[in-house]
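Next, two complexes with chain A in common: one pairs it with chain B, the other with chain C.
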Partner chain A sequence: MRKIRVLIAKPGLDGHDRGAKVLARSLMDEGFEVIYTGIHQTAEDIVRSAIEEDVDVIGLSILSGAHMYHFRRILELMKENGLNDVLLIGGGIVPEDDKNKLIEMGVDAIFNPGTSIKEISDFIRKNLRRRV
Partner chain B sequence: MEKEEKIRERIKEWEEGVLKKSLQSLPERGKFSTLSGIEIKTLYTPIDIGEFNYFEKLGFPGEYPFTRGIHPTMYRSRLWTFRQFSGFGDAIETNRRLKYLLEHGETGLSIAFDYPTLLGLDADDPITKGEFGKAGVAINTLEDMQLMFKDISLKDISTSMTINGPAAMIWAFYILTGESQGARWCDLRGTIQNDILKEYMAQKSFIFPPEPSLKLVIDTIEFGSKELPLWNPISISGYHIREAGATAVQELAFTLANGLTYVEKAVERGLDVDDFAPRLSFFFDAHIDFFEEIAKFRAARRIWAREMKNRFNPKKERSLWLRFHTQTAGVSLTAQQPENNIIRTTVEAMAAVLGGTQSLHTNSMDEAWALPSEKAVMIALRTQQIIGEETGISNTVDPLAGSYYVEWLTDKIEEEVYKYFDRIDSIGGVIKGIRSGFFQREIAESAYRYQKELEEMKRVLVGVNKYRIEEKLEIPILKVPDELEERHLARLKRYKENRDISKVQDSLRILQLNADEKNLMPYIIDAIRARATLGEIVNSLKDVWGEYIEPVIY
Partner chain C sequence: MNIADILKDRKSIAKAITEIEEGNTELATEALRGIRGAWVIGVTGVPGSGKSTLISKIALKLALEGKKIGILGIDPTSPFSGGAVLGDRIRMRELNKFENVFIRSISTGGKLGGMSYHTPDIVNVLDAAGFDTIFIETVGTGQDEVDVMNIANTVLVVIVPTLGDEVQVIKAGQLEIGDIFILNKSDQGAADEKIKEMTLIMKERKDGWIPRIVKSVAVRNQGIDEILRLIVEHREFIERNGLKKNKLRQRILYTIKQHALNRMDEIMKNEEIEVYIEKVMSGKDISKVIDEIMLEMGVGYGKRGKD
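Presenting the complex of A and B:
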């Protein structure tokens, strides 16, 4: 059995990278293989990294309020590139209404501030679509 | 000395007698440490503060070393400025929010810009898609700035603007807005954050590489000292360093090290320290560990006064002042049971006041969900007004001075800050430390450690890892309407159509030619008078200086 591969990415202009970095490191402690993109990534950059790194999960961290646009764009590109079996999750400052819309659009989960690392890692293990 | 011996003797007796007996039947709940990990004992006594020289350590408020405050009477003469950070959507919408706050007793303005503006990008730049007006207000042109302050008299109010990479440009928009209202430049009061060093360390809204960025900062400091004597051209900020995960000690050490770097660079430029140091201002976080924050603010004033005196020997006493703005800790807010955040913010705001802040922003309860609603921001403002006008906390100066615990903690934080100063010196200073990722690593390490403590239940976060409930969110959430973007883009388009493009191009060419040699403020002002936009000015400097791409460290 191989390790589950997770891409943690910061799309757009947002510079708040505390959560992304803490999560990247904590998921490694939990036994995942984690790639962190750094800040200021376009949707194209992120999907390209996901393909190149052959990840099972993409996790977006957005605290800038621009989540609706970036998730939509990444979902489109994931579809175009046939990444149907890759989980898409996210976290940050996302109001409830938007969260519901994102789930309807096809995002697998949105984690609000205060979510424990365990909740996130359990979710990934339980909902993984690719075989490891 | 005799007295000290006696106290030591009595402490020993107490420990072996009353304390020991008590612990047998009622043991302590565990080990205790501050939020930043400083270990805390059961009791503090005169022994813990050693040979405490009152005049060296504290002195009187308004006198060196300013531990007790920079003003002799502090809040008895004037309360701190109630200054709520605000801005969203476009200039017209933000103008409405500013007026709402002023109507309800706010005494200073503080502007939040959206991400494109923070990075010096116009709203019609394709890379900004999806970001318009979300994290603050979009300001691209002089017209935008004028609309944001429509019917707000800039000669009568002070404005703080959280802007860094393009601070010089945004300031120039503001100066010309004041001018168009009939205010003289020398009457304008306010602050631009303009602290680029902490952007590389923590907030990450940088544009150019560190060296030319720093040059531009010194340009603003020089320009301000000559043309806008009441303006604070920089707000040296620990807030973002702390929010990114740093401890209180790291926040203070890195911020003061940045501050000293700016002073060195300005002196290297040939400025007289007394011409600009009195206008340097600071910005700190007030986190949830009440006493640690108070001690941090007190230590900050003492260290800054001493270092300024020893390193730069200014003649004016004001050059030794550490004046600061405080914001309560955004990271301490929880998405769960958001009303609880009102309590957190209250405690943090009290620490800021007991620490002697000059102005304060109190966070709104809903900020782990979105930008604050009108209702939430009203409660936040009222929190300050209650502390200032009901509680009596502001009745006397530095009321916690002389507390064995607070004085011990103030000394301890000071000592730890000096250890960091040594480390920063040993790695070759602030800019080398940024380039090598020293600060970024230190901050990330602290953030990681804090998360681990939460996961392991070594720290309690009420409503999050303890006392959690199933709940339905019952607070209003602010929505930024999409029409604001369309309105802004239409205005920007019109603005660009109604100008002589050759004049714009000429002004930008002259700006580029002088980028490295001259103070750029007058050239930026000229470009804006020629109706250049924010994005155009920033892009023309990117052509000369390039852009910064940070090393990825986690």
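Presenting the complex of A and C:
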């Protein structure tokens, strides 16, 4: 049986990656294979990595406030490349209004600070679009 | 099935790799049959020695020449959760802009030796897909991980100046398999001292090749041209002496062996194997019980291809 593969990336200029690293490590402890691509990723970098790594989930960590821009662009590229079966989730500082807009746009979930690892891993397992 | 038709773009190559990791042996077989003869470069060395950065710098130069480059980065699987953090791409970001580069991260799945069971299959997929040069970055290794020599045409062993003395250098294991040694981070510690220690083992190999050593500082792009020159020199040596087909045969045999070991491993993980405890304890010879296990449990593993 293969493991669920999760790409964790930080788009744009935000370089605060402690949270992303903690999440990568914690998801490993939950039995996921986490591909950690690091900071300063463009949307193109992220979607390309997701294709090559054939991941089940893309997880973005954004603390900069540029979440509307990055998620929109990544959703566009995911659509262009036919990644319909890949979950897109995010974490960071996202105001409630924006969160609702992002979900409407097609983001699967946004996790704010204080979310437990269990909540995130349960969400992934329950909402997977691909067979593992 | 024509493998070249299946591996038509980035996405289909990625999907094929997943299918093989899930146990599709028909696809693995077709990939073997579709091998075109890519130059496979194994890169091994201790964790943090700079393998990913070196590969990124070397691959960048080859990519600029228009070569099709495949890179497999292997990281360890957690013995507790079965999960993994695969982080080799972090150092390879500058390769993302190239259409002619493909990178895939792989977990060991707990297998020892520095690679996963399916690593040779994945090399074969990239070879069949038409990549010219394929890099395999093993897990960060210690002394005994030498498996990569079975699938690589050229083995690069990355060392750093600060570890051990001459006695470490003359021991068996990883330092025996390098065609080219790279003393990375050579701006730190006693680099020249290390080079002197290493000359002890720079002796002619069975195949006639004399290993080389080169200093580098990968993050500052120092030594990369010399490494590339030595890779070309080694490749020419192998081709001139008609050794390439031996290496290819060795890779094919290793691929088959890994399938055998993988199947054995799967059987050993099966809880039903407990029923054989009583047979051994009541006096039946262990070897005969193993014959029985292979016969009774060895069938039905994985998704079998056609006969």
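Here is the rule we use: the second predicted complex is superposed on the first by the 132 of 132 C-alpha atoms of A that agree within 3 Å, B and C clash if a C-alpha of one lies under 4 Å from a C-alpha of the other, contacts with A are read in each partner's own complex, and residues count from 1 in each chain.
Definition applied: a contact is a pair of C-beta atoms (placed from the backbone, for glycine too) under 8 Å apart; a residue touches a chain by one contact, two chains touch by 3 or more.
The model shown is predicted, which means the values in this text are computed figures rather than measured ones.
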| item | value |
| --- | --- |
| Clash-or-fit label for the pair chain B, chain C on chain A | fit |
| Touched partner set for A:Glu80, first chain B, second chain C, both or neither | neither |
| First (chain B), second (chain C), both or neither touched by A:Arg2 | second |
| Following superposition on chain A: angle at chain A, chain B versus chain C, Cα, nearest 10° | 100 |
| Chain B versus chain C as contact partner of A:Glu104, first or second or both or neither | neither |
| Contacts of A:Gly31 with chain B and chain C, given as first, second, both or neither | second |
| First, second, both or neither for A:Ser49, with chain B first and chain C second | second |
| After fitting on chain A: smallest Cα gap, chain B-chain C, Å | 5 |
| Footprint overlap on chain A, where chain B in one structure and chain C in the other make contact | 24-25, 36-38, 42 |
| Residue ranges of chain A in contact with chain C within the complex | 2-3, 24-25, 27-38, 40-42, 44-45, 48-49, 51-54, 81-82 |
| Chain A contact footprint on chain C (complex, rising order) | 10-11, 14-15, 17-18, 21-22, 78, 80-87, 89-90, 93, 96, 102-105, 107 |
| Touching residues on chain A, where the partner in the complex is chain B | 12-18, 20-22, 24-26, 36-39, 42, 64-66, 68-70, 73, 93-97, 112-114, 116-118 |
| Chain A contact footprint on chain B (complex, rising order) | 115-116, 118-119, 121, 127-131, 134-135, 199, 203-205, 243-245, 331, 333-336, 367-371, 444, 447-448, 451-452, 454-455, 461, 463-465, 473, 477, 480, 550, 552-554 |
